[in-house]
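As written, the chains take the letters A, B and C, and residue 1 is the first residue of each chain.
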């Protein structure tokens, strides 16, 4: 007892001293110079999200492990976190256990589907303007629409995350279920009116949001099947496949369909598809993709955009952790906007 | 001289390179699923505060040490810092020296009393709903009322912290004194009027806020005596004791009395007491407590709440750093609110 | 392929696991007690900026290195980041390459001139009230006036940073060029009117902001020549020199001239000079300086301030990483303000 009181004063300076530190710091700093042809500014921007993370694994014995991970996201050109409405640990904040049963975690992170689909996208799921992950690869879908706009397009907060073991060396199942917690979000009109919005300010989700993905891998083939329902009952399903005819080449194709009929009065369906390739040549890798996103009834409603995107990129590896890149993309959003985007930068993992 | 200029360009990339790094990263990630019976939401929440901290000790020779500690606080369910009005290093930011004279630190942290009292609370001072630290254990008192509401219930900013050595292997004295600095705080009406608030916006403290605690430990017994005065001259005193009849069992009891007569025109006194126990059984530990908080003149003023709380919890240790927990509590706030609260989660130190 | 999908679920917990961590954590925690004679508050403040940084170097072979650095800035007395309008990584966020060609980095950081001039200032460029760096040493100039007020007085965001190798063991060239990106900045009236401000809200820079400095060092002598143009076309040039008659003594002198004629209708020129010394005596170091800042036409326009500052400081080194300090300064800002400022504190590098 004496020790615990003497230790008290020290706790101020050293709380947690009993716990032998086992934290790994990791991250990404990616910055480049870019130009978008429909603006007249050359900018310093990014291809990948920029991370500063802290993670650890504790071996509990008997095949059981405790895991945690915290990940800050920031903009390298200004030094700020990604946006004022995003949390400090936008990347993720999760803690859980891993064992024979798989992995169970609690907190905030990418949904099962969003995490799965990144392996089937030619820019590896990076939010590059040239990439497809944040728009065509998800059919314009938002995983957390009840948070403030811009907070979280592909994550669940207040969620439980489960990843199964790999069955028969082929199959894996991933599941994310969120609670209905309301997080001070603004009102959403949806099928309501401004005076009586469908989701008033600080609304709870009408149903439990979930995301599920199943993956199969065998030799050079891989495929996934996924479905997700968000907090305003928008449903999405998605399929994807990849094939490696030779070890240097990976071909990818995905299709996804979003149905917003719970909250959108007209044109609730959006479909999108994407094909892409990664081709390793010496120290370099080419990335290429083409994709299209089509809202429902688009022909009858010309004000609704149809999006086409063609992209080409090249990575030159200076080391396993560092590469230079150049991206070029042409994006056409019918009928309003067409632009080219070019960027040249450096991507550094630490 | 040449070196210092050549080094200049490098300083941008490596400032601080001269200082051999000696930083320990530590923290806590605690997340659980909880339910409060007066709401209809199952939520992902926490039992303990969630920390990511950085600390270090430098041996200066002759028994002298330099200490620093910085501690981020965050919510695991959303990845955000604890609140938008709380600083990045809400946990603490302190630097100082330790030697034969004790420990002197400058910055922001728990007051002497708040830090002392956590050892006499059955939830170890965690801000768990089942715990007593943030309400009954402090008689509803706020250490820093002149900061924005929600900023700091139990910390002093702009303060000097002193912890004495342990005298005669029994006694220790802890003292915190804050300056009168005004930190952009809002107006407080208090004994004034809305037009002429007692503490106008950005008020300085009328007196120097201080906090003092004395502790004594001998064999299985421990006790403390503490007093604190905050920036609006609210006074608090508190006593507590603990006893371990056997090494597996720790019994605790505290009493505290808050007097807000400088800023509250009626019912300025709040009294609270709490009894509790921690009982280790194998890999598990039971936590139990009962407490009550009574504002003055409560019988004559039925709109003022009287609070009663009974709580029971259980920890199951997976390792010295990781445990699973379950908490249940019943809290009755007369006359308005009664609720039960249940939670089940994982607590991981790193 | 199988591995990459199995790894997928783990990526949530361990993304970046492939990259062997090579991060150094460093920082400064400086806190002291201070008193400014024209206020009646004794405060807890700082002499240096307070940092928590993360940096790394990766050897890419052939003399090529990849560098990154991220630096949080905070206030030790409140635990908050430096200001709500400053980014998390206010210190810097930069990534780049270093080789025979010099160092090229992208991101946000001190401009070439601001970084160079710190070596010619007796408080080592610290933002101490007793120091000269943030006012007289820069003739009141702001490197990034189009950001929100208070965001960045001496940094470029969205910039490319180049440092040359040292030529002939004497000369080095440093260059920073920013883009014209608009970062949600407020309107600036300048030569315009409130109704039609010269720089409307979210203005782009009229010209590319740049900063250039050249340094020369030979034996006990060092000198620099620098010029900078900011986003509202304010021009500044500066010269400085230092000399060490004996190894314990360093004498410094600088002169700078700011011309705001692009945005200020009257009195656009500000001139400032500063002389200073650092004198090492045993474990201590004395710091002394005197300087003056003179806006143009000040005699004809008595409402425009002329600033004089005399400062004296002393460091006592407890170790190469930790020292105690005392500062005293007298600052006279004609005609309105004269104050003395005293501070006593501890400075700890980690």
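Keep in mind that, in the parts below, a residue touches a chain if its C-beta (ideal position, glycine included) is under 8 Å from a C-beta of that chain, and two chains touch if they have at least 3 such contacts.
The UniProt protein names, listed by chain, are A, B, C = Porin.
The structure presented is a predicted model; accordingly, all values stated were derived computationally and were not measured.
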Chain copies touching (subunit A, subunit C) - same or different residues, decided at half shared: different
Relative orientation of copies subunit A and subunit B, as a Cα rotation angle in degrees, nearest 5: 120
Distance from the mean Cα position of subunit C to that of subunit A, given in whole angstrom: 36
Set of subunit B residues in contact with two or more other chains: 25, 88, 92, 94, 96
Footprint of subunit C on subunit B - complex, ascending: 1-2, 4-6, 8-19, 21-23, 25, 54, 56, 58, 60-61, 64, 66, 68, 70, 87-97, 106-108, 157-160, 179-183, 204
Subunit B partner contacts - residues on subunit C that touch it in the complex: 24-33, 41-44, 50-53, 55, 57, 67, 69, 71-72, 74-81, 88, 92, 94, 96, 98, 102-103, 105, 109-110, 115-116, 118-119, 161, 163, 166, 169-170, 172, 174, 215, 217-222, 242, 244, 250, 318-322, 345-346, 348-350
